[in-house]
Every structure is written in structure tokens, then in C-alpha cells.
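These notes are about the structure you will find just below.
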Amino acid sequence: MHDANWEPRIVAFFCNWCTYTAADLAGVSRLKYAPNVRIVRLMCSGRVDPQFILAALAGGADGVLIGGCHPGDCHYAEGNMKTLRRFQMLRRVLAGFGLEEPRVRLEWISAAEGEKVRYVINEMVEQLRPLGPLAWGQRFGVEEGAAAHAAPAPQPEAVHA
Amino acid sequence: MNSNGTNGDIRIGFYICHCGHNIEGMVDCAAVARDIAKLPGVAVSRDYKYMCSEPGQELIQTDIREHALNRVVVASCSPLLHEHTFRNAVEAGGLNRFFFQMVNIREHDSWVHTDRAAATAKAIALARAAVRRVRFHRALETTRVPIHPDVLVVGGGITGIHAALTLANGGKKVFLVEREPSIGGHMAKFDKTFPTLDCAACILTPKMSAVRAHENINLWTNSEVVKVEGYVGNYTVTVKRRPRYVNEELCVGCQECIAACVFKEPKFPDEFNVGLGKRKPIYIPFPQAVPQVVLIDRERCLHFKTGKCKKTCVEACADRHAIDFTQKEELVQVRVGNIIVATGFKLFDAKRIPQYGYGRYPNVVTSIELERLVTSSGPTGGEVLLRDGTHPKSVAFILCVGSRDFKTNRWCSRTCCMHSMKLAQLVREHTDAEVTVFYLDIRAPGKGCEEFYDKSLKDGIRFVRGRVAEVTDWALREEEEGKLVIRAEDTLAGVVRRIPVDMIVLAVGMEPQADAQDVRRLFNMSCGTEGWFLEKHPKLAPVSTFTDGVFIAGCCQGPKDIPDSIAQAGAAAAEAMALIDRGYIEQEPNTAYIDQADCSGCKSCLPLCPYTAIAFDEATKKAAINATLCKGCGTCVAACPSGSIRQHLFEDEEIFSEIEGVLTHA
Amino acid sequence: MKKYAYFPGCSLKGLGRGYEESLLPVMERLGVEMVELDDWNCCGATAYMSIDEKQACVLAARNLALAEKTGAGDLVTPCSACYLVLNKMKHYIKESEEMRTTVRRSLDGAGLSYSGNTPVRHPLDILVNDIGLDVIKEKVVRPLTGLKVVPYYGCQVVRPYSTFDDAWNPTTMDRLLATIGAEVVPYPLKTKCCGASLTGTLPKVGLRLTYILLREAARRGADVISTICPLCQFNLDAYHDQVARRWGPVPVPTVYFTQLMGLAFGLPAKQLGLNRNFVRMKPLPAAHAPA
């Protein structure tokens, strides 16, 4: 059983042109929503490597939200279609791991849909609450956080002038 | 200093902005600064009231010098607003501008949450992520992309006309594309303009002629943009030129062909007179049309429909041979550096409010129909007439038709109050009719407009405040027999009233054009919730869009009157000219690149790029990316199985560190 | 053979008898089976809701439960008030957890249950949308040619819910009347209130509303007003003397649309309950008498 004060933590990958702008619009409109989401800004949802999603989940996130432009509206023509393909494949893999479906979510949110940002985040938080923490470490018998890096992160060169 | 900008140590300067009360009101900035100060590599951690201000920026610059900072993180508003500002500040401080990362704790945090503890925790998490990420940033240079000096202006209403003339006068070559057979837009249909009651044609037609005469403007009417390829500075635009069946170069606009047409009388509804007048299949849209060239309506022309026509029009044009039935649709390509979209608006369809009787009662007309009636060159020669040809003794205006209404359009269309009062004054001038205006609020914000409202009151125009419930023809009292009855609550008097009138004018609101969604996709723009083209920033960048090199102006951006449309046209022209005269635009260097050593030549990336920026080199058997074509979406980066494709500014390690960072704090 | 559960409501067994007397034979002629609910109770109409919301809801729900029990199909209610009340209660039960619980408990006590799935529909809807104007046209033996009819819907079938037609300008009855041969008079007051119970409690207001409807019908040369609601029919029919006293006579007769359908199908006027009207409808021209 988890801590009564536990709050779901969601890492979100938002595309710059639509979803991130929509989240800005939600802010400008002073809409209020749950504080459980941490947004990582990318240029396009097509940049979302499935490894990012896995890294987030293994790193302690209880859910991952990917936001992109509506099909047909991608700022880079079709990046979001690739996101969709990858997401659908990843979903099957995650189901195989026994991961509950609400934990990883893909939403199309246009730059004008500040209200949708609010609604999606609130809904996702409420859907994750009954599921409890993901507890990756416990599920897969690994140390949580250790699996966070899909590739060893290179340290910046400590080179001399 | 190496490409990392270090002599070994990473030294990060962290700044969290209070933004007055905007952030500090919900986020404990000092606590965030304290937390970040403890992180490895953070040399300086401050909180300050207004980071984007002069002193705020100077603070960064001073710290860079005095504390040998080689990375800067600012936690404040959205990067979409001030990333550029801070990058400039960092650069002015002597550091490469890309050694900077911004954290959004205003739009994404303080403005949207209500619990201070939660908001502060979120700010800490986001700040930690940025501090981790920025370590991996490398020095980058912006690339310069040359700007083609020509400009495309889409839409030939007053906005497009003004933008085109401004650019052309500045020595730039302009392609002005207009869908209708003549430029002029909605303004060409007006009689007089508010608040000066200037004759619309008198102020518009000289501009229209100037467009025609200008050597720098290529005027393409009866044409539409069908494809846009490329990017800022280098657009290739395909324009479809629809056939008029009359050669523009040869026709002098004498109109003898129209007189000679086998249709002795005009028979077909006339688009310019919004169906109130008639025209022949061969026609000129209106007397002052530019270009002053005739065109043939293929759907109605006897020759096209039956093949059996005497073609008296051709005979009448025997010396110039301007009529050409064989004309075909043409696709033309042009290269331009900038595009200004000025496609205007359409009017609300009054049939959507059946209670007002438009389409059922013949003497219920729209504002634009009345506009054509009062115009001396209109279908009734300037007489305000009922459908039976008599003069009305009483006219009512219903305002906000379709606007400010949850059931139809929620916005205010901004111009209808003034437009209606203008028409009301003109009706008083042309007839002796009693005029009543039914309004919710009177909005008269521009110069001279409140005074215009006063004049309307002095002219004896009556104003009844209340939303009209119904227009009906059932009469209750004798004076209502044979008239239209308006039922409305007079909210100032506190009674429901029945007012019989002869003629009712509906002040229909403005809406985005019917094909606004198609058009915005064509130019890679977004639309706002209401359907108007989306500006980059509603306050600071009303004519720019999120796509560099594409500007919007006029009513396509939102309802506005003529002076504001012209102001935006000038603004868009100026923005375009600024780019052209500088000669280049600086591209954000977030392009993808391939590490040739790691590339295995699997070709998975090749079909992914919509800009065909990835090419396969048969000699080396490896893929390579053309940085000029790459737009920086990162799709190929995520797809590469060997991880050999990387993206500047969005490197894998940068993103992984950000993910790790947001999860270090609850 | 189409089958429907049938809820007549109090009016159709009382003052609105003519409605039932014409509706049932018309449905029979069209091959539709109407299964009257066994032991139905008053729907509560508009009055009960103002007195006790919960009781009113249970009252209505019992009928809905009975409808489900018969399993005959969609529930048809000709009276506009019953139609509105039953639909409104359906809506309330769906929206309110509290209401659902109260209803469930009460129904349990009566050995009934209610799932909320049975649609409550109006005969106009069934006739035009389920059976179809083509089928109706086939049964017409005596088209009402030359008869000028005003289509009057009243308010409850379009406000607040207008499930099968436009709220401001419904046309279902217009089309139906045209199909049986009548000349439909354009009438802008087709959904304007008839005065409802105000004709009894506040005659100054109620009668005036009735008068306005009758006057406009007369002005437009109507031979008859066609209604779908028993209270509208009553108001428009029974108060002519009072209206005449206050404002002047407007003797336009008002009948049920089903009575007009019955006439078009060749059924005798007496069988359709047309003799119950205060203001009698003139007999149809002899040229159109059934063979």
C-alpha cells in the first residue's frame, strides 16, 4: 500500500507548436489544473523516442503523457503520424509488461485548445490515482532509477583550454 | 575554451524570476533558489523581481563575468515569450547564446495551480531538470538563410491592397493573388465609410488603380494559391489561374461585348450586388473593377452550355479579339521570400437565426444588402426601397445578429454598431423613414466614433436596448397590419414591446471564411478557437504567425474596421520588409545531423523526412542530412536504430537528463 | 406489425376523449398495435412537480417501469403534458443519483424496476418518422382537398426538449397534414402558448393568449386548427363565448390531428369524437364523401 500522501507524477512530452502553446494558453487564461505534470518541451512529438517514455517510467514517473498536433496539422507535416505509429507499438509492448493502459497516453491538442490541456491532465491524474504508484523497481525487481538511462549518459568533456 | 565552453568545470548561473506577483504569488522563489544552489555545478543561484528587465539582464551579464559562468538557466515565463530575450542577454554577456536553458514556471505553474506547496515543488523539479540539461549544451551558431526579395500577398481587399502597395513602393516585387475577378473586397461594396462618411469608392478606387499601374505588382485575379512549399525566405508557391475566357492583355474594358450579348436583358443574380441585381453571362463585376476586364460565366454562357450561340460578343470585339473560349486553367509557380495572408472574412448567414425571418419575409434584409441599396451605383440607383418598389416609412436595425451569442458566435464583431449607425444615418438621408436601432450595447471605440453615436441620437434615430426575440407578421393592433412586427424587451423601460416597421435590417456579424481551415493548412498556420488565423502573440505580435515568413493582416486575424485593417497591412508589410532588407533570417540551429562513424546505412531514416533533407550517399553507403533543408522536427532522430542521428539543442542526453531531473523531486 | 406501449394519460380518458377515439382507429388502419399499459397512473402533469418533486418523480417512474414490463417497445404518449413530464423525469432520474435511489426503492416496493432505456415518444414522431408519410398517403381515401388547416403544436412538445423536430419552427405536423391532402396555412404562432391552465386561474392573461391564436387563424382564413395537445384543444375550443364577450367572436373550430387523419382515412366523424367539440367543424364538401 502506498503512502496516503502519494500523488501521481506524470512526465509530459509536449510539441512546441501545438501542445506546448496550448499549455501556455491555459496559463494565460488562468485555467486551473492538477500540479502533477512536468512538461518536457520538444519541437515535435515525432522526436519522442520510445526510450524517453521508458526512461521516465523507470525513473519514477507513474505516467507519461505525449502531446502532439492533430493529424493533418503537424507543423512539420507528418511527425505526429510517426508518433502515433510508435505509440501504438509501444503500447503493446507495455501491455506485455503488465503496465496499465492509462499510464501512457497520447493526445492531440491544438494551439487553441488550452481547455483540453486542463481537461486531459486532470482526467489522467484521476485515472492514475486508483492504480497507485508504478513502482517500477518492485515490479521488475530492479533498482528504481538505475534503468533511467537507456544509454550511458556521456559526461561533458572535462577538456583543457 | 572548448566547444563545451569550459575549462573543465561547468559553472551554472540559475535565476528565478518573481515576475512581480505573477510567479512569486504562487511559487516560493527564494526556496527554489536555495534548493538549486545546492546542486553540483551551480555557481550562482538568485531570485529576482523582473529578470527580463534591463537590470535583470545586466545581472546575468555581470555574473557571467564575475563568476566565470559558462551556463545560464532562467526560471520565469514561457520560452515562447522570452527565450530570445535571454539568449540575447547571455550573448551580450560574452557567452554563446545556446548555453542557456529556460524553465516555464509561470504559464505552466504559477498561473495554473492553486496550492503554493505543490506549485513550488513543481518549480523545483522543473528547475532541477533544466540545470541538469544545460550541462550538456554545446556552443552552436545560428545559420543564416537568405531571403528572396519577392513577396506574395494573398487577398486583394483593402488590406491586401495596402500591403502590396507599401511593399511595392519600397521597391519590392509583389504577387497579389485574388480569388474574385476583381480586387476591392468587401469595401468595394460600401457606399460610405464611418465615421467620416467618406465615399468608399472614392478612397478605395485610387488605391485599386495604383495597384494596377504599379510596375512592382503582379496582379493575378480570378486566381487562388493551391500549394506552398519551402520555408521562410524560400517559398515556392503554386497559383491556379482560372480562365476568364477573355484575354486580360487585349481587353480594354469597353464593354461592347456585354451590350451585344445574345441575352438582351440581364438575367442572372449578380454576386457583387449580393443577389439584388442581375447580370448577363458576360459581365464585369462592378463598374470600377480592377482589372477593368470582362469575364464570362461558363455555367450560364449559352455557348458553353449548348455550343449553339451566335457569339455576338466575339463580333463586337472584332478589332481586338479579346474573347477566347479556349482559355484553360493555368498553374503558375513563383518563388517568394515572404507571404502575407489577407483573406478577410465572410458574413454570418442570417438564415441561421430563423426567428428574424430572413429568407421568409422579403423585407428583412442584411446590412450588406442595404449597403447596396443606398449606393447610388447600386441596383436601385441609391433608393432605399421595399421589395414592392415603394419607400419604407419605418426601418429597424437589429444588432448583434449571430454575434455575442452562445448559440452561434460568441465574439463581438466589432464593426457592426458603427456600421449600422452609419446605415441608419444614410437611411435618414435618403428617406423620411423613422429609424429604430435595437441593440445590446453600443460599441463606438474609434476616433470620431462616439461623436458619430451622438450625431445619430441628434438625428432622431431611436435606440431601444434589448435583444430582439422575434420578427413576425402576425398583427395585434390596426397599426401593425401589413407590417413586420418586432417583439423585443425594452430593458431600459422594463417592458416588452411590439414595434411595427416596414423594413428590417440585420447587422450580421463577421465570421472566418468558409475555407479558413484549408487555407491555414496551406500556409502552415494555426487557427484560434474561434476560427480566425492565429497570431504569434495577441499583444506583441498581432501580424506574425508561428511560421516564419508568413504574416497575417486584416479581418482574417479577427474582426476589425478599415483603419485597423490598413494598420495591420502596413505592419505586415513592414515585418516582411525588415526581413528582406536585412537579407537573411537566422535559423534556430536545432537541426539533425548524422554521425558518419555510427551510421550503418540501414536507410530507415530516408522516407521519414517530409522535407527530403536526408540523402543517401551511394559512395560512402551512409546517410547525410542537408542542414539547410532540415527543419528540426527530430522525427528521424527518434527513429534511428543505431542512434547515429542526433539533434542539436535536443540531444538524447539533454532530454534524458531533463527526464531524470523532473523526477528527482516529488 | 409495429408495436408500441401506449400511455393514454388522464385527459384522453376524460375531456380529451376525442384524441383517443381518433388515434386508436388511425393506428389500427395503419397496422400498428398499441398496447395500453395495464394499471397506469396519472403522470403528475405540471402540478405535482411543484408540490413534491420526489413523489412526482416516482409517480412518473412507475409508468415508465410498467412500460418496460410490457416489453411492447417504445412508449407512446399523445398528451403533450404527459410527454413532457415523462421525458423530464427520465432526464432527472438519469442525472441525479439521489432521484435514482428514491425511485428504485419505491419501485422495489411495488415489485417493479426501471432501467431508463425505454424511449418516450409522441405519436407525431411515430407516424411521420417510424411509419412514414408514404404509408399514410396510401391509406388516404378522402383527401382533405381545399380544407385550410392551421398546424398548431403548442409548447410542451418543443420546449424544453425538441427531440424530433425544430424547437421554433416544427414541421412534422405540417408535412403530415399536407400528406392527407389539406392546405396547410403558414402560421407564425405554431408554438406560442395557448394559455394553459391560466385560462382558468388568470383568465385575463390566459384567455388573451387563446384569443391571439384564434384571431390569427381566422385572419389567415383557416377552416380548422389542428392540435396535438388536449389542453390546447380544450382552451381553443371551450372558451369561445368568453373570448367573444371580451374581444369579439372568432369561431374557428379546433380538432385533433388524428381526427383529421381519421376523416382522410374515410372513418365517420361521429366515431372520431368530432361531435364532442363546442365549436363544430363544418362537414367536408360532399364531393369528398367516401364512396
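Structure notes:
Per-chain residue numbering starts at 1, and chain names A, B and C are given in the order in which the chains are listed.
In this text, contacts are C-beta pairs under 8 Å (C-beta built on N, C-alpha and C of every residue); 3 or more make two chains touch, one makes a residue touch a chain.
Model, not experiment: these values are computed from the prediction.
Among the other chains, the CA centroid farthest from that of chain C is the one of A. Each of B-C and A-B has its own count of C-beta contacts, and the greater count is at A-B. With each centre defined as the average position of its C-alpha atoms, the distance from chain A to chain C rounds to 56 Å.
Chain C has its Cα centroid 52 Å from the Cα centroid of chain B. The mean-CA centres of chain A and chain B are about 32 angstrom from one another, to the nearest whole unit. The residues of chain B lying in touch with chain C in their complex are 354-355, 472-476. Chain A meets chain B in the complex at residues 7, 9, 11, 16-18, 20-21, 23-24, 26-28, 30-33, 35, 38-44, 46-52, 55-56, 59-61, 72-73, 75-79, 82, 86, 110-113, 118, 148-151, 153-154, 156-161. The residues of chain C lying in touch with chain B in their complex are 168-169, 188-189, 212, 216, 219. Residue ranges on chain B touching chain A, taken from their complex, read 1-2, 4, 6-10, 78-80, 104, 106-109, 111-115, 118-119, 121-122, 125-126, 129, 135-136, 521, 524, 526-529, 534, 546-547, 590, 608, 610-611, 631-635, 637-639, 643, 647, 650, 652-653, 655-660, 662-663, 666.
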